[in-house]
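Common to both upcoming complexes is chain A, partnered first by chain B, then by chain C.
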Partner chain A sequence: MSKGLLVFAYNNRAVDYIQQAAFLAKRAKEYLDLPLSIVTDDVKSAEKWKDLFDEIIFCRSSAMTAKTYNNGTMAKQKLVFRNDTRPKAYQLSPYEQTVLLDTDYIIADDVLKNCFDGPNDFMIYKDAYDLAGFRDYSEFKHISDVGVEFYWATCVYFNKCETNKTFFDLVQHVQTYWTHYRQIYRLETPVYRNDHIFSIAIHIMNGFKKGDFAAKMPGKLYYTTDKDILHKLDGDEFTLLLEKENRLGQYTLANFKGTSLHVMNKFSLAENIDV
Partner chain B sequence: MDEKLSQALERSNYMTTLATQKRFLWEKYQDDLTYYSNGHEVAITESLITFCSTLLDRNRQDVILTDANNLPFFVEDLSEFLDNILDQYARASNEYYQSYNELKKSRSVEGLVNL
Partner chain C sequence: MYNFIMLAQNNDITDYVLQASLCAMSIKKSMPRASVAVITDDVVPTTFKQFFDYIVPIPWGDSAAGEEWKIHNRPKIIHASPYDEAVILDTDMLLLDDVSRHIKYMSNYDVFYTNSVLDYRGNTVSSDFYRKLYTKHNIPSLYTAFSYFKKSDFAYKFYEHLSLVTENWRDFYKVNGSLIQNRASMDTTVGLVTKMLDCKTQITARKNKPMFVHMKPNIQGWQRLSEQWTTKVGYYLNKRLDLYIGNYKQEGLFHYTDKTFINPHIMKQYCDYHGVRYEV
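Up next, the complex of A and B:
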């Protein structure tokens, strides 16, 4: 069966998601020996790195969501964020077995290789680990105070089967009727998030309760938020400045090694990737 | 700034980074104690090692275990499985021990993060 990684990349005026995807493709080859395909609306830009991508798949985005991008605790800007095509991952993936990733997930180990041999058709992380260690992560436990369990759409494994086709059809249905589902599931934020859409669809697949449709991905999902800064990336070694609790503009210097990491600060990530 | 206060702040930064690095080492150790067998994930614990060892002592050649998703899986060659998890346990513990000792020796923030 064909295996590979799939990412969605839609640039805005300040963040080059396609470059991040190219960097991820390079690391996917190095650490996992797996190909990576990109879905984008800017094929011309993606072709700059055509040697790194297995396939460049065109898909238009119609979203124009604005989101705040932090660069540490002292700088931020509001930018367009186009994340509405990810629910089409099942139909767009060229692989029988796919790991769907965010472009800012930095592979630094081979743990994801273990997705492909196991008995699970669909895997996703429910728990994630914040490197700063003090931040309130209740928004990542449940989608709202009275909502269902939160799942991370950052890193998802699926294979092509009828059940997963149904799941992704459901994801697209929830997306289409987002205003309705947002109210039913008591989401306070109006911002569209794939994590929320996936979480709601998983809840429905489980018969509107907790269940075992979604198995746990191998290993753990570690992350740093965009209020932290990636100072240096050298192979599998991350040097980070982690936001300090109650000390605006101050950071804790830290070194994280040998494990993949979701780096949400796109600006400091751009300064550290070489493709 | 008063020199004593300056030293206290420097010490405070050192202690914060030290605590963070200790936490990361512990997490890494836990990750390194994760064993994968045909896509099944199991945590290598002292009790798993003892359990497998006991079964082998009683001449059992195979075993059924449960993985991180509570799914059962069949270990056909228990002896080989025990060797593998023992090796991995020893490697992970040794690395944790060495890294922790290196950390203890570092006397500056820069030293703690290999800068």
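Up next, the complex of A and C:
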């Protein structure tokens, strides 16, 4: 069966998601020996790195969501964020077995290889670990205070099967009727997040209760938020400046090695990408 | 055949007989062959009499006369029970599914109380928000909303002590001369009697599976505390009488605790299911 990674990349005026995807493709080859395909609306830009991408798949985005992008604790910008095509991952993936990733997930180990030989058709992380340690992560436990369990759409494994087709159809349904579901599931933020619609769809797939539709991805999902800074990336070694609690503008120097990391600060990530 | 029994005494604020009637309707839906008894001195509306196999008067007078929080007759249940063995339910419970697996497990004991409950999201409750005094005074944390007895020497002895503590709770609830809480509660009384008789292993498991959903608001895993769960999270019964709280389908026994949960709409849904007329 064909295996590969799939990412969705839609640039805005300040963040080059396609470049991130190219960097990820390079690392996927290095650490996992797996191909990576990109879904984008800017095929021309993607073709700059056509040697790195297995397939370049065109898909138009209609989203015009704005969100705040922090660059550490002292700088931020409001930018367009287009994340509405990820629910089409099932139909767009050229692979029988796919790991769907965010472009800012930096592969630094071979843990994701373990997705492909296991018995699970669908895997996703429910828990994630913030390197800073002190931040309130309650928004990542449930999608709202009274809501259902939170799952990370950052890193998802699925294979092509009827159940997963139903799941992704359901994800698209929730997306289509987002205004309704946002109210029913008591979302407190109006910002559309794939994490939320994946979480709601998983809950429904489980028959509106705890269930086993979604198995746990292998390993652990570690992340740093965009209030931290990636100072240096050298192979599998990350040097980070982590936001300090109650000390605006101050950081704790940290080293993280040998494990993949979700780096949410797109600006400092761009400074460390060599592709 | 499984037997359920409730004690229902109305006060000025709450119609416990109505709660017991709703609970009985839910039992008759989920476990149609089960027998249901209510112990009460209040009038059971004609509409609801059919859902009770036995309506039993409270024996030896009302020990809770003049009390707003009427738990004083609870220890009489074993004596008033028409059954040799039965499950005792609080009236503010709904039986949403067959729970015979739990009852079979409980029937390994002469008296059984669960030490574990769930929140509405299916998580085992670990918070001692309402039970800090239990932790502080090392009182066994047991839940009396769903318990079991079979008539036996041990069960009578246990209930005799429940009666003793209930009648003299102001003395038994004192630690170093101070009351540990300012009103009697069955959970505390059962915990104290368990401690007095040193019989924890005889009336509960070391760690049993959670046996019901407990809707006290501040054990639901919410970040922001709340006085009432019914104003915090959405809930509805669908046409099949499946109960959803915050989009979570509830199963087994559901302890709603908040009296406002039982509204005319929910009563009517259950009455419609059973084909009886309900007038508000």
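In this text, the second predicted complex is superposed on the first by the 275 of 275 C-alpha atoms of A that agree within 3 Å, B and C clash if a C-alpha of one lies under 4 Å from a C-alpha of the other, contacts with A are read in each partner's own complex, and residues count from 1 in each chain.
Heads up, the rule we're going with is that a contact is a pair of C-beta atoms (placed from the backbone, for glycine too) under 8 Å apart; a residue touches a chain by one contact, two chains touch by 3 or more.
None of these values were measured; they are calculated from a predicted model.
K.L.:
Putting chain B and chain C onto chain A via the overlay, clash or fit?
P.N.:
Here the two partners, once superposed via chain A, fit next to each other without clashing.
K.L.:
Which of the two, chain B or chain C, is in touch with more residues of chain A?
P.N.:
Ranking chain B and chain C by residues of chain A touched puts B first.
K.L.:
Figure out whether A:256 sits in contact with chain B (first) or chain C (second), or with both, or with neither.
P.N.:
A:256: touches chain B, not chain C.
K.L.:
Quick check on the superposed pair: does A:116 touch chain B, chain C, both, or neither? Answer first, second, both or neither.
P.N.:
first
K.L.:
Just to be sure I read the superposition right, which of the two partners does A:216 touch: chain B = first, chain C = second, or both, or neither?
P.N.:
first
K.L.:
One more residue to check, A:270. First (chain B), second (chain C), both or neither?
P.N.:
A:270 sits against neither chain B nor chain C.
K.L.:
Looking at A:203 after the superposition, I want to know if it touches chain B, chain C, both of them or none. Which is it: first, second, both, neither?
P.N.:
The second partner, chain C, only.
K.L.:
According to the stated criteria, A:80 is in contact with first (chain B), second (chain C), both, or neither; which is it?
P.N.:
In the superposition, A:80 touches no partner, neither chain B nor chain C.
K.L.:
In Å, how small is the closest CA gap from chain B to chain C once the two complexes are overlaid?
P.N.:
17 Å.
K.L.:
Jot down the residues of chain A that show up as touching in both complexes, chain B in one and chain C in the other.
P.N.:
Correct list for chain A: none, the interfaces share no residue.
K.L.:
Please name which positions on chain A make contact with chain B in the complex.
P.N.:
It comes out as residues 114-120, 129, 131, 133, 212, 215-216, 218-220, 222, 237, 239, 242, 244, 252-259.
K.L.:
Applying the document's contact rule, which stretches of chain A touch chain C when the two form their complex?
P.N.:
138, 142, 145-149, 184-186, 203, 207-210
K.L.:
Residue numbers of chain B touching chain A in their complex, please.
P.N.:
Within the complex, chain B touches chain A at residues 13, 16-17, 20-21, 23-24, 27-28, 31, 34, 36, 38-41, 68-71, 73, 109-110, 112-115.
K.L.:
Residues of chain C touching chain A in their complex?
P.N.:
121-122, 220-224, 232-234, 244, 246-249, 251
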